[in-house]
């Protein structure tokens, strides 16, 4: 049978041998403190790894690894499991030699171009904020049809961390930027691809954008841009430039490779939408989800993640009958702007086939659409910005499948 | 000189060679995705480790390691740096064999004693919440006088994580607990020490206490109780029983070894306070802090942590003149009940000696006291619950010292 | 302003700005003076690019093609006809990119893949010219330079293929603010009986590896053993 | 109630509860029947405990002493006089613990250190009796049992040494709710000029290892090189 083996919980005879016979760890001396000065997960958690989707990319340096959402709790993504997206490979850069330059597309756009060391940046007023980062191509493989089996591959190009850094506004102020004319900002990385992306000045003026060195309490991980990256809340990950070496202010957008060849969304009429940056409201059930096998009938906690690039999540509804009827889920606090929000809802599974979906709504009132709705407007070739409602089919065997409804 | 070497930021000649000569990582191909399926910090971060305080304990299995607060950002403690406190060593327990039993000190206190597997617990309604955990003995070495050099050792027995698990109330309800008579709860671990601690039923009834399997998005780390620990927000860490195997409800407190020999607070009159569980409001500046050397005069962001076992932090004030004058710091959101709160405040250092302090206030209106105030009431032999205001002396050399004022 | 943060930051020198300010915008701001012929570009291409992108930019077995899918007619209209054909599978670089500045900037900063920023300005001009030539956009005798680049850009096959008529730019000046897809939050009797329209075919069951090894060994679930047929 | 969560949890069997429910409360609820003499306890002690805790419970060079610091007078008053002497440095277990139940419970669950839960009930009774005997609490011919344990507990030297007169129990039934230390949040001209009263002596500078290696290599600070004298 496809049914997975649940932990035995027998009552035959006197009871469970795991109770009646004391385990070794109740009868011995364990390991000392600082066995690891920097600890690691249990050996029983070895299946919880980030992974590549076979065949998705042609090289492993211009590629992606997906976070194992099916195994995560709450909203914080462990930094070791943060999804990766590199364009020309990742580096472990010596922070003592890293510099951030700020300049203008022409000299008239600011008073003084400046250079900052990491030491200096870390002396400036800092903010610490929780935000999700989602690749614009997350769920992109699913635009046309079901292509991958698990939520790791359908939605795993998203992670959420507490980032710490300096509001970019402070740095631009120090350079004397002419905010009237300089309405666009270019972020540039120090890696081989020297990734460049245009960001609207409005997001800097609001105080939201910051240059981050901290992630989940420690420094950024090398795979995520150590020692400095741009944090652009609500905007697709490619704009969160890693290994950030330069910020330029300008009076026009830059039409960079990742704004003119990639991260452009092909519509039905053959036009590409350019400068699509916002990640619209979206959600997904992570437990249960594709590729899992439920152990038994009975009670389950349906759990998932919701987010919006436009602010806070207001509500998440869950359906277990493929979208015919919906119930509103509990949101775990804190519900933060442009951060993941964890939702949970009770479910008693009667053993019959069930189709589980979640539908998020954000504080602007925007409602996450169905595949029918997104495809009606955008077709199936966009690659980017697929925020359609995800369906998981729980079969009688307990095995859960990624499906799309017709 | 004692002055540390800052990153060079020269303007001599044409400019900084770190800019003029492109670094290797701007001119080559980096490493592929999934170099590590579970990533790790940069090699330049190797100094950021948890550590033992030399001579503090007689064995390394009944001991403590301290989190490096001087190097942490925001409020999330990276799980690899979470402080450790073991009583008979730590274990990596097979979760398929771990059980949780719920029983009564006598049979009349509940309808049915029950056993749960981990599979089953993880099917129940879950909550995810950020909470600090602080050892009751944190800052205990400093009751009498300055004893240790850095904030890692003065305050490093605290960490803050997003925990995920099942409210204990749900489990007690399933057993049919008689809440009228059962006013105390015993938590018991499965390690050699089988740690036992009494918790008041009020904290279970409020819904606050939960049995956690998740920490910062993944499972608990083995050092922190994998696969199950009790989360008792606001209460000293020893009550957050690790490797939780059993919950007993009773009508009296249990007077366990860690309630009758340790974690009792010796007062001036020779009496020990028993059942002191709450961690009162406290704060500490982590940057700058003892053992550090400031690089230069000029602007600094003073940053630190505040927390209260009784609710939310309302305000944090900072003094740079040893408590004569105070300014109110910025609190980073979200400010959550019984969680760490990060505060920041501007400071321009003129190069003269300065004594930096922080003073937190919680939503009950309680104000963190000075050493003079705590000692006047509690003397200097309590070991536990030292929440006095910490002082750091910034010397003209830039070197920062742990000091206490007379 | 900078007096607010004494001791932090310093002016950049002109040479420093020159060393790092390499971006080239669609209006050619940032483009250094210089030139390169198609012929010179072909030499660069064959020496430094063809190994990955193919002798004719058609890619080899590993990399996506840069060239192909565009027609002389596209060069006239500025719209790539194949993009309007939903059955056409691939999308080459030249089918998508609307600006020569983008190619110039990207080749200059990031190519060749294993030695980015190693090309001279002349090589970048030349190899960009050669790419455009392979795409039928400029003639064999074309010399791409800061003077002729606007002319080349005006012939890009997809130059009229971009739209900013959307609500996904989080600032002013581009697009608008009304989301294109509008859904409602119906709560009961919303949709007809659900029918599954797409799922992974049985032969793809194990394509992503054994899912039993990609799920935690404890919890409400196990991972399906995809080395076995379903239900086995 | 349990119908709310079908399929989750099951009743514990009596044998399962017996296997794990080992706690013993101050009112001796949970204490199994049985007994052990001081003499029998001495054998257990010397075989299984003395190596760590010393032949007389005085500890060896490594472990804290269990016995010592209490007097015959303390046994009468139930208050350990040495706890009232702030100059007395150490605090042994018997100076602090007010309940024999606590010792019984802890030895039963956690000792010997490397083989917890290996003692028989009789051994626990005996070795607890021997501990009390070394502390001058029970006589040489004492037999500790479920019958006599209350009597022994009534002789504990610190049995009157505990107070719950505090606000640090987060429930009802113990203590009160008014914090003992009351501070005010003065904002200006609060304290007299600060004077440093305590700091680490120079000889202790490197006691915690080189602090240069315990701080990040980048940021507003470095760690002090404590292998060198200050200012060197």
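Letters A, B, C and D name the chains as they come in the text, with residue numbers starting at 1 for each one.
Keep this in mind: a residue touches a chain if its C-beta (ideal position, glycine included) is under 8 Å from a C-beta of that chain, and two chains touch if they have at least 3 such contacts.
None of these values were measured; they are calculated from a predicted model.
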Cα-centroid distance, chain C relative to chain D, in whole angstrom: 66
Rounded Å distance between chain A and chain C, as computed from the means of their C-alpha atoms: 21
Rounded Å distance between chain A and chain D, as computed from the means of their C-alpha atoms: 46
Two or more partner chains touched - positions in chain A: 7, 9, 15-16, 19, 26-29, 44-45, 48-49, 51, 59, 71, 88, 95-96, 101, 115-116, 118-120, 123-124, 192, 194, 219, 227, 245, 295, 298-301
Where chain C touches two or more other chains, by residue: 4-5, 7-8, 10-12, 16, 20, 113, 116-117, 216-220
Arrangement of touching chains [line / ring / star / complete / other]: other
Pairwise chain contacts under the document criterion: A-B, A-C, A-D, B-C, B-D
For the chain C and chain B complex, residues of the former touching the latter: 4-8, 10-13, 15-16, 19-20, 113-118, 216-220
Chain C-facing residues of chain B, complex: 9, 11, 14-16, 19-20, 22, 26-29, 95-96, 118-119, 122-123, 219, 227, 296-299, 348
Chain A-touching residues of chain B, taken from the complex the two chains share: 6-9, 15-16, 18-19, 23, 25-45, 48-52, 59-61, 63-65, 71-82, 84-86, 88-99, 101, 115-120, 123-130, 162-164, 190-192, 194, 213-214, 216-219, 221-223, 226-227, 243, 245, 295, 298-301, 303, 332-334, 336, 342, 344, 346
Complex interface listing, chain D residues touching chain B: 1-2, 4-5, 7-12, 16-17, 20-23, 25-27, 29-30, 62-64, 79-81, 83-84, 86, 91, 93, 96-99, 101-102, 105-106, 109-110, 113, 116-117, 158, 161-175, 179-200, 204-205, 207-209, 211-226, 230-232
